[in-house]
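Below are the structure tokens for one structure; questions will follow.
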Amino acid sequence: MLELMFTLVGGLLLMAGIWLFLSRRDFALRALAFLLLTLGGFVLLLVFVPSDHLSGLILLAALGLPVSLALAVLARFLQRRLWQLSDEVDPDAGEGRHD
Amino acid sequence: MSFNDWLPLLVLSTSLFAAFIIFGLREWQHRWREAINLFAAVAKIVLVAYMGWGVAEGIEYETRFQLTPELAFVLRADSLTIAFAGLSSLLWLCTTIYAIGYLEDSPNRSRFFGFFSFCVASTLGVALAGNLFTFLVFYEILTLSTYPLVVHRGTEKALRAGRTYVAYALAGGAVLLIAVAWLHHLVGDLDFIAGGQLVNSAVADDGALIAIFALLIVGLGVKAALVPLHSWLPQAMVAPAPVSALLHAVAVVKAGVFGMVRVVYDLYGVHFASDLGVLEPLAWVAAATIIYGSVQALLQSDLKRRLAYSTVSQVSYVTLGITLFGPLGTIGGVVHLIHQGLMKITLFFCAGNYAETLGVHGVRALDGAGRRMPWTSMAFTVAAFGMIGAPPLAGFISKWYLGQAAVAADMHFMVWVLVVSTVLNAAYFLPIVYRLWFRSQPADWPHERIWGRHETSLWLLLPTLATAFFVIVAGVFAGVAFSPLSWSIFMAEDVYGL
Amino acid sequence: MRVRGGMTDWLLPLLLIVQPLLWAVWALSRRKPLGGPGLAVGVGVNGALTLGIALNLLAEGGRVLLLPGLAGDLGIGLRLDGVGALFVILTWLIASCCVMQVHWYFRDQPLLRKRVWHLVLPLWSGMNLIWLANDFLLIYLGMEVVAFCVVGLIALNGQAQPLRSAMRYLQAVLLGTLALLLGAGVLVVGHGTLAVTVADQSHEPGPYLAVASALITAGLTYRAALFPLHTWLPPAHGSSYAPLSALLSALVTKASFYILARYWLANETLFASELLGGMVGVMASAAILWGGWMAWRQVKLKMLVAYSSVNQVGYFFLMFPLIAAATPEVAETARNGAMLQVISHALAKAALFMAAGNLVMGIASERIDGLAGVSRFLPISLLSFGLAGVSIMGLPPSGGFLAKWTLLQASLGTGQWWWALVIVTGGFLSAAYIFRVYRQTYLEGPGEHDFHYGSLWLEVAPMLLAFLAVGLGLVAGMPLALLDVEVAP
Amino acid sequence: MMLLSLTLLLPLVLLLGAVWRPWRERLVWVLLPAALPALALALLADDALSLSLPSLLTGLEFGLDGLRRYFLLLGALLWVLAGGFATAYLRTDERRGRFAVFWLLTMTGNLGLILAFDLVGFYTAFVLMTFSGYGLVVHTATPEAIRAGRIYLVMAVLGEGALLAGLFHAAALSDSLLLSDIRQTIAAAGAPNLIISMLLLGFGVKAGMALLHFWLPLAHPVAPTPASAVLSGVMIKAGLLGWILFLPFGELALPGWGGLMIAVGVLGSLGAAFVGVTQDSPKTILAYSSISQMGLMLILLGVALAVPDAAPALLVGVAFYALHHGLAKGALFMSTAVMPTTSGWPRHALWLAVVWPGLALMGAPLSSGASAKIAVKSALPESLPDVFLGDWVKPLLSVGAIATTVLVMHLLMVLRDQKKAGSTERALSAFWLLTVGSGALLLWFTPWPEALPMHSGLNSGDAAELLWPMAVGVVLYGLWLGSGVRLRIPAADLLVLPEAVMRVLARRVSQARRGGRLFEDWLIDRVHRLGERVLAGQPSLERLERAMRRQSAALFMLILLIFSAIAVAVLLL
């Protein structure tokens, strides 16, 4: 019963991540989408983990995910800082060789 | 590690230290620069002469570093090394004196002389290389050290010529790298042994060995200016005269041919190579180069370009000599390696003198130069007749042995190649000699420079006369003990184990 | 030999990792930015620690230090062996040169000098953590510390273009590391261990190991900027300050390669990865060709050097297809070749970036064709650029040449001769873009340029690194010997 | 031994002086003494004499033997007398210094090749003589001289090439370089056709063999008189000596080659005489007369080659004939430049001195020609089986004699009309008379014991033999003079065809030099332009890079999927 509930939640998270990933093109949200994907992955992994290895997975998720979240927030902050610099032109412009 | 082990390294480092010191000098310290240059050149000649004497006595000189467990950096002096090292150190002294006079007040001289001695160091490295890997190392360093000399003038044309030169040289180097790596993979570390290394190796796969030989020859052929790979040589004529003299007479071109001599005699072994049947096609390529070079030289109206194509043709004599199986071929090839150096450097010095003193570059503008600059023109005439192979000059000796070698190896077609090329040499050198002596002077020269009593500055004149004198002496006194001819005979003996 | 490790064993490595952090805190607490002596002391201490570890290692051989309790069972801890020590020494060498260069480069910008240290020093400790970590958790921690610092360094001058490259770098880091995390998760689930060398804990191959390898390889190729995923690197390194991009390109990209190399070298036999290796090989060859071609086309000097990194990274990743298809001793040659390539590239690239920085500052223009006639004005920087270029091109006697030679031997050893062709063409392409710069420097400038002289000290570090890069070819025996110091299973 | 080295060294030592300008002006005075050691060597030295210099070149050997002595005597005499003549002839010429340098070089070459015992020494001297001869030909620097010089040089170089090929093969066959050994090995190897043909061609150019003679009638008129005297008298004999030393006379019967040589000889002697008669300048006539005489000698050599046992006698006969011809031809050339001004009996005496060498050529009794012709006739074998023109040799020789008589008569007539052209200088006449005298007197007393016995040609049998060709010749010339047929043939007759070819070739070469870009230069420019275009343009690469940058996250997902697909695939397979 618990496995079923976990697979359901994992699948939901995966779907949300993929939808978010495909819909928006800006960095921060894309990062967030990938974060959801990884979270979904971890939840699904919980279904297969033998009991003695559970602690390793928990430790990994406990450390990894918050740090990734922090990175996503930093991406958000940098993006807003970028707009403040009133560089309204397409962010990818001027990347080329000629400037 | 007795003195004998350090001597090869010492010979090499004389010009390396000279290079580093000169790089450090400022532009205005030309007294210091000349002193260091000349001292290094003389020291090198003394050391090489001592080593030559030692090798004649049979003493073994070898410096060996183990880079990685299966890779060694070896410098060894054997008879072939002394021939090439002797030639390059002797001509380096002449070219240094010439360059000091030639670049009297031009910019970037520290840079020039730094790379100049660096280039000679790498040439000596090529000569002293004891195994194929060390040879490859110095072969590539030679490209690096000669590029700045080719583009020294800094004009757009010079840089374009430099780019062509580097493209050819690095492509050749890449092919050589593949060949050496493949051979190393098949056979392991490859010391140059007089009788040849691969003769007794266990490699049964002849197909691979033939492919490797082809790659080696292509890699070396770029610098030895074999026909399809030679176009960089005339382009590099933009370089100042001492550079084209040293490049074409001694350093780059000879390194390529010297490599071929090493590969055929000390790596594959001439018996093994001829059993493999690789010498025959190489002979045809050499023959094609000889004829193509001479014909192209005939069609050139600029003096230096004519000499460049003449070099393309003459250097292939050495390749031809190697491929003619038999001691005569070896003697002819090696002795021509030395004689061609002497003759060609004299011709380029004269070309430089004419350009520097009279501002004359074209063959057509040389009328009456004999009267205005008798000594330079006499040197030119001696070297020109030497190139044609008129006895008693040096060129005749090598052609004489090559001709007999062609008959001995019953490749009769090669005799005709030699004869036709002699006629073609006459066809493009005699008109110049005729213009020098038998035509009257023009009213005034393009931009003439007067050096008081002498026809041109002594810095330029003395090396020219010295090398012309060597051409005569190498020819007339060929029978003497330490002459190039007897040294080549000494070398041929231990290659064929006579 | 696996031991829980008493206090004395932990002292040296722990100090090595923490020392730069303490140094950073001390730098922050002072009002004035760190002066020359402060830097010298810090570098000296770190040098002593590095030397201590290296000697200790040579004396007692490699060993693994595991944390007590649960973490130890998962393999979390430090791993002291030849490869790690070699990279620690390399980091000390390059980081100290970069510190010196940064100190002189920002001479007249005190504000920047103040802010730069709290980014560079933690970066140094993060790197040391990555070299010595035994498991994916500590590696993840080190990677994130490095990521934070690098984002800060890229966006240091606050203009739009560097900021945008920082954003792109951040995206690469985030996605790459999440993939690494997921891979580690699968590993834990499958083999109950986080250790990079799975073989220590369990020996039977399985589906978990295969999937984990795929995830980890993908994640790290993104962080290491291999061909299709290289696009974040050129703008990032090209637009930031020269000494900083030297630090970034010389060390940071190597970290991801280092982790992937350790993982593959240890566990390659467990997961049959011929196909995966081939795919990575294809990407690497594409990287060599694409990087070389784009570098040759660049107009700006620093962009050229940045794209040259893309080209050279391709050489490192050629190791994987060779290991996948090789017998043990040929795999060792491939490893030696790749490691030599990494070391010589790190030294040469740092020298190139610093020399390029000096040249750009000297002629006050980023463009290559502004270099005409510079040979009379900045000879030493030019010479260091030239020597480093020799190592990048892989011409003798440089370390690059020996690395190229060893990789050629490995490629011929495995019978996959086509990698040899790629290596040689790559060498030719790199010669093309290096000579494009040489060509300009020999062009006689029109008249007297209005060059302005930076301080002479700026030219010392690049010269030193360039000499090391070229000299490596002759003394390659030592690093290779260090590489062979293994952890006894 | 000392005399031998002095002969070779003296001219070279004098040449060193030429470097210093004032000394070079006075070098002309030293021309005569420079050849004296050679003359002394020819007259006084005993036969078995040799000098070996192992360290020079590939080991040089010099020496003298019976056969070479004739050539040495001829050479020494002519170089001494022509030397004196040249000193007087060029006193006012401002380029005499340069002439003297070339003169001494050519003399060294000529004497060296006579005395050389080894192949390399011979070839060195041969080349030195050929190339320095050019300096003598173009001395006057008039357009004709330049043209003559160019043709001389082109033919000389081609001859050199052929000779070189032959020598390579010959030297490779034998291990020692001595000429005598070379001859043995050629004979032992069955006289391979290649070597024989190359030697024939190589020396043929120098000896003015038919169809290879074009440079001779052009070079002699333009060269100063002493130079043409030496050119015709001694230098073309070098080709003859080359044949004698290299071809395997007396060791191998070569009827085929013998026949060919006889045929070419006949062509040469009659053809040259025919063309010579049509010329009007005395020196050109003399040049054609030399070609005709060389043709005769070629016939004799052909016979010697075909019949080995007659070879020794015939060779000595040819050498003797060459000596006679050289001196007579030298005297005649000098007479063209000398004009006797006196009147009365001295005028007639001098006129006789002019005619006497002509008579010698015709083979009049009491002259050197007579004894030469008789010596040769006695050495001729009776029959020459299966040799082309074998049994026609004697009649052909007499036809040759008739042709020579006609030619000499023509020459004397032309000389009589143009007498005013000569200079009246005392010294010139003196040296001229000395040459005539030496020609006439020398043959009466044998210079060395075992030389051929002299035939005065007075006894009845010989006299008849000698006189009837002369009589027929005079009659023929009278008829031809009466008939008034005037035929004009350009000086170098058949050369017109090859020269046209050469001119087209030269124009093609200069056109290629000026305009035509080399294919390889064009190729390299294309590559450079391509390089620049790639550097500048091609935004498509840039667009691809930007697209990858924008979609890097999606790219990463793709790579991730590919890798996991590979991992799964490996698992399943």
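As written, the chain order gives the labels A, B, C and D, with residue 1 at the start of each chain.
Definition applied: contacts are C-beta pairs under 8 Å (C-beta built on N, C-alpha and C of every residue); 3 or more make two chains touch, one makes a residue touch a chain.
Every value quoted in this text rests on a predicted model; they were computed, and no experiment measured them.
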Chain nearest the global centroid, as defined over all protein CA atoms shown: B
Most distant chain from subunit C by Cα centroid: D
Distance between the centres, which are taken as Cα means, of subunit D and subunit C, whole angstrom: 79
Euclidean distance of C-alpha centroids - subunit B vs subunit C, Å: 43
Distance from subunit B to subunit A - Cα centre to Cα centre, in angstrom: 67
Subunit A-subunit D separation of Cα centroids, rounded to whole Å: 100
Residues of subunit C whose C-beta touches two or more other chains: 168, 171, 175, 235, 297
Multi-chain contact sites of subunit D, meaning residues that touch two or more partners: 545, 549, 553
Contacts with two or more other chains, residues of subunit B listed in rising order: 163
Of all residues in subunit C, those that touch subunit B in their complex: 336, 373, 375-376, 379, 383, 390, 395-397, 401-402, 404-406, 408-409, 412-413, 420-421, 424-425, 427-428, 431, 435, 438-439, 442-444, 473-474, 476-477, 480
Subunit C partner contacts - residues on subunit D that touch it in the complex: 534-535, 538, 541, 545, 548-549, 552-553, 555-556, 558-560, 562-564, 566-571
Subunit B residues within the subunit D interface of the complex: 160, 163-164, 167, 231, 234-235, 296, 298-301, 328, 385, 389-392, 396-397, 399-400, 403-404, 406-408, 415-416, 418-420, 422-423, 426-427, 430, 438, 475-480, 485
Complex interface listing, subunit A residues touching subunit C: 27, 30-31, 34-35, 37-38, 41-42, 45, 48-50, 52-53, 55-57, 59-61, 63-65, 67-68, 71-72, 74-75, 78-79, 81-82, 85, 87, 91-92, 94-95, 97-98
Subunit B partner contacts - residues on subunit D that touch it in the complex: 54-59, 120, 123-124, 127-128, 131, 138, 141, 146, 153, 157-158, 160-162, 164-165, 167-169, 171-173, 509, 512-514, 516, 518, 520-521, 523-524, 527-528, 531
